[in-house]
Structures are given as structure tokens and as C-alpha cells.
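Written out below as C-alpha cells is the structure these notes cover.
In this document, chain identifiers A, B, C and D correspond to the written order of the chains, with residue numbering beginning at 1 in each.
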Amino acid sequence: MDKKFVAVIGGSQCTKEETRLAEEVGRQLARRGAILVCGGLGGIMKAACKGASSEGGTTIGILPGDNRQAANPYVQIPIVTSLGEARNVIVVKSVQAVIAIGGSYGTLSEISHALKNGIPVIGLNTWSLSRNNLKDKSIIPAKSPTEAVDKALDLVTSQKSGE
Amino acid sequence: MDKKFVAVIGGSQCTKEETRLAEEVGRQLARRGAILVCGGLGGIMKAACKGASSEGGTTIGILPGDNRQAANPYVQIPIVTSLGEARNVIVVKSVQAVIAIGGSYGTLSEISHALKNGIPVIGLNTWSLSRNNLKDKSIIPAKSPTEAVDKALDLVTSQKSGE
Amino acid sequence: MDKKFVAVIGGSQCTKEETRLAEEVGRQLARRGAILVCGGLGGIMKAACKGASSEGGTTIGILPGDNRQAANPYVQIPIVTSLGEARNVIVVKSVQAVIAIGGSYGTLSEISHALKNGIPVIGLNTWSLSRNNLKDKSIIPAKSPTEAVDKALDLVTSQKSGE
Amino acid sequence: MDKKFVAVIGGSQCTKEETRLAEEVGRQLARRGAILVCGGLGGIMKAACKGASSEGGTTIGILPGDNRQAANPYVQIPIVTSLGEARNVIVVKSVQAVIAIGGSYGTLSEISHALKNGIPVIGLNTWSLSRNNLKDKSIIPAKSPTEAVDKALDLVTSQKSGE
């Protein structure tokens, strides 16, 4: 259990550029020994799993529906929840850091649940937040997959040593 | 079942001004016959339930924990979920419009789940969102409790006639 | 919050005799001021809600799906969970006693979750249990709707005084 | 994803004999290449994970609480749900066969959810069920860990070929 668990979150529909980013994030997480957790479906989730698989990494998909067949083909461990969106909470609670790439309201809900629980969120081209017109800086920006993975793994490590 | 269901969401800790807003929102919802749904705890939730109760309205609290005693004293119908934050999804899915007052990341998760499901969100001094540096205008701003309740009930009505 | 909450559980498909029992249970719960909680769908749930409604009682339906329209027409307060069967846990945790009528494996899961949480279960023509060939007597048998409601409300009262 | 996923369910408190059975079931599942899913805590869950780990198998723990540290030391992949007992639904939906050893009402809820979803349940010294005084034969009895694992894996295989 001293493995590092990192979630990659983002839309089931995404741009080509976002796909490229997610795949590279997946590859780098796997190379550095982290286990990838995601929502198990298409788009960003599939791209990240594909990248991780190509480097021999482990991929976990927390599925919203009732059917393990709905997992993308790069998910090695499908968890079947039947909980719909409530599974978003499980995705973020099961990891020590989250990398958000693009995404819509589902992704925003995962970002929120992560921040609520003190789980660090690294953002690549994703949401930014203001509250009462004050910028909220909780989402840690990254400019590249490498920077995102570096920051995520650093934050996992610092959490662990502080445990 | 032709009753209108409206959620009031916001922090379990809040400012005096937010308390005042929530109580007034609760009062007006009750006066206009809407059923109030909330997360059942303190702060904004308690203030809204207090306002609604003072006008003879019905209040429902979707509790995160295991114990109905955790509900604030103005909750008439406590729903005990034991689901932790995953109960946030139930709060918003059980209503036809959401009024967000202030709030932190838990509130933001509820806003996100609502928008994801096409449930209108009216905001009073709450989050504002940008995606990829473009402002997202999905949260409908209101300047007063009256305006918030007007907008919420209008949107419920227009949904119903479009069903 | 000093109202009594009682769940009526059983199959969404049931015999005519079971329908009659459920409707009578619903009627008696309403007459005696208890609030009826159920899974919100057809069969036993619909019959119990119909009975309770006919006596002016309050009915709550904890729905498994995404759509309030799926509630039976006698549900006054639909709670939309989108959690599938996981909503069974909410049905039993939200009450102080459970009356089980007939039922299949879904009902058995609700009986189990109730017993696990120390919530009394009254059974009318329902499951019986043995563990390692020893009869488990936790389900309290009743021979009629009146006896079931009597026993359920007695147990709610004794819990309350012991609180 | 052509791996076989099998759940081992049972109490977090159990007898020495049940511990022995669970450990042997875990060992045999691992030897035969199946991935073990369980509730992640102590008792039967820990014994099964210990057995599987000793043979180099993969173990997944679907945790009820908020804290990955609550997993037993043989869980390699902790899934943190914070859903309390509602996580029982995930344990059984994530597998293709269930082996129940001993157990109390929590285990019975998992058996029920599995049977409700057509997921085969093999029983070792566990619950037996009757409905309206008719014996329900859905739980497939086994007399030894070997027989339980044989039956479970046979049923997974026959499901797969029928897909």
C-alpha cells in the first residue's frame, strides 16, 4: 500500500489536444510507478488509461453504470458502482492527488469533492474559480503533462512523509 | 407531485449576512408553496429551514451521516443517507431549481452536479466559474432573496410546462 | 421531528393478496400519524402509498433512478437518488421501523441493512433466515396488517423513550 | 479485462475455522489467476487477502469509510468510498462470482444484492434462506474452499462464454 494513487479526470468528450495531454500524463504516471484511477469511460479517461497501459502501468476505472463492459479497453480493474455521478466522489477519495484536464461540470464536481477533502488538484487547461469575486487559487496550474505529473507526485510524497 | 421542490445550498458555516439571506429565501419559498430541500445541517441549511418553517413550509434534510439527530431542528423530514458527500448528488437531483448562497467546495460540488443535470442554479454571493479563461455563465445571478426565489420558481414553472 | 417514520418494503411485483396487505398497512400507518417511507415504485410500494394517501398520510419515495416521474402517483415527496439499489440503504436508515411484505432479493437486502443497523423489521409473509442451520429470529412475524403496524409503532415508541 | 473477478464476503469478526477457510479460498483464487475483491477490512476480508497475497494474487478492498489506512495490510488496491454500507453493492457488482463465508447481516445484504443482480453466490457455512416457508436454493453450497473456488470459477467461465 505504499503505491501512489493518482486520478486523471476530464470529459468523456475532449479535443485532440486534450487527448494528447491525457495520454502523456498516463504514460508518465506509469513510468514513475503511480497507479492511475479514473472514471473508466472514454475521452480523457480512455486516453490516460491508454498512455498508462502503453508503459505497463496499472489502471483502475470507477464506473458509473451497471456494466463492466462499459469500461474503456485500457481499464484493467473495472469497479462497477451503479451509482451514477456519485461515483465521482469515489474517484477522488481513492487517490492522493488529482490531475484535471479540460472537462465540464462532471469534472468540476470532482475538483470540488477533491478540494473539499484536502486532496491536491493539478489543472491542465481546466476550470478556474472565484468566490465572491475573489480568485480561488486552490487548483494548482500546470503548463505541461510533465509539470502536472511532477507536481502531483511531489504532493503525494509530501503528504506521505507528513502522515 | 405537482408541488415545486427547490434546494437551498450553502455552507454549514456562514456569515450573519448569509444567514439573513438564507432565512429570507426559506420564508419566501414557503409562502409561495415550494418544498425546501437541503443538506439538513447547520449554517445556510438551518437558516433556510428556519425561514421556511416560520411560514408553515415543508422542509426536507438529506443528511450525510448515520443519525437523524444530526438534522437541524427545523428539518421536518430527515432522510438519513450515511453516504457522506455523495448525498450532495441527491440534494440537487431531488429538486427542480437550486439557490446557492455563499458556500465553499461542498456547495461548489452541488452547483456542479446541478449544472451537469440541467437543473438551474441561482446564485447569491456565491461561486463564479471560468473554463479555459472563458467565463461560464451558467450560474444565474440574483441580487436579493426575492429575486432568487422569483427566478427559481419561474424556472421550475417553465420546465414543467415544457415536460 | 417527533413524527414516526416507518418503511414499507416489498417487491415491485406482488400478488393481489400482498397488494391488499400493503394498502391496509399504509392506511393504518397514516391513521396513526406515521410517515410512510418506501422505494417509490410500483407493487407493494404503490399499494402502501395508495393506502396512506387515502387517509391523508404523508408518503416519501426514495427513488433508485434519475427521474421523479418514475414515482408511483401516490408518492408526495419523491427523493431522486440515481443510486440504483444503493438507495435501499437510505430507505431503511431513514426510518425507525420496517414492515416487510413478501418481496424478493431486493427486499431481503433491505431487511439485512435494517437488521445490521438495529432497526426493527416486522414481516408479513416474507423471508425467513437461518445461519449455519440455526434459525435467526430477528424478523418479527405478524399475521395481519393491524398486528404489523401495532408492533412497528410500539417499537418506534420504545426506541424513542430509550433515546 | 479478461481477468476473473471474485468477491470473498464475510464478517469482520469470525471464528478461527472461518479464518482458515477464507485464507485458503484466497490462496486458491490467486493460484488460479483470479482477482480478489472484498470489503477491505478485517476478519474474513483480511484472511482472504492474506491468502491471496501469499500466492502473489491481486487484492482489492472496497472500503466503507473515509480513510485508506483502514484497509487491512494485505489490500493492494484500496478503493475509498465513504459510502458506509452502500459500498456493499459495489463489492458484489464488481465481480462475476461471490464466495460467502459465515457472516452476519452485512454479509446477508451482499448475498441479497448479488442474487438480485444474477451474480452467483457460493456459500461456506453461511446463511440459508426461505421465502414464505419455501426453501430458496439460490446460494450454492460448498463443503470446502476448493469446492467453493471450483464452483465460483466455473460459473465465471460459463457466464463469459455466454456473453
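Here is the rule we use: a contact is a pair of C-beta atoms (placed from the backbone, for glycine too) under 8 Å apart; a residue touches a chain by one contact, two chains touch by 3 or more.
Predicted model, so just to flag it, every value in this text is computed and none were measured.
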{"item": "Chain pair with the higher count of C-beta pairs in contact (B-C, A-B)", "value": "A-B"}
{"item": "Furthest chain, CA centroid comparison against chain C", "value": "A"}
{"item": "Cα superposition of chain C on its sequence copy chain D - rotation in ° rounded to nearest 5", "value": "180"}
{"item": "Inter-centroid spacing, chain C versus chain B (mean Cα positions, whole Å)", "value": "28"}
{"item": "Chain B and chain D, separation of their C-alpha mean positions in angstrom", "value": "40"}
{"item": "Residue numbers of chain B (touch at least two other chains)", "value": "66, 82-86, 89"}
{"item": "Of chain D, residues touching chain B in the complex", "value": "66, 82-86"}
{"item": "Residue ranges of chain C touching chain B (in the complex, touch as defined)", "value": "1, 3, 35, 58, 60, 62, 66, 68, 71, 73, 75-83, 86, 89-90, 93-94"}
{"item": "Complex contact set, residues of chain C against chain D", "value": "83-86, 89, 102, 104-106, 108-109, 111-113, 115-116, 125-133, 138"}
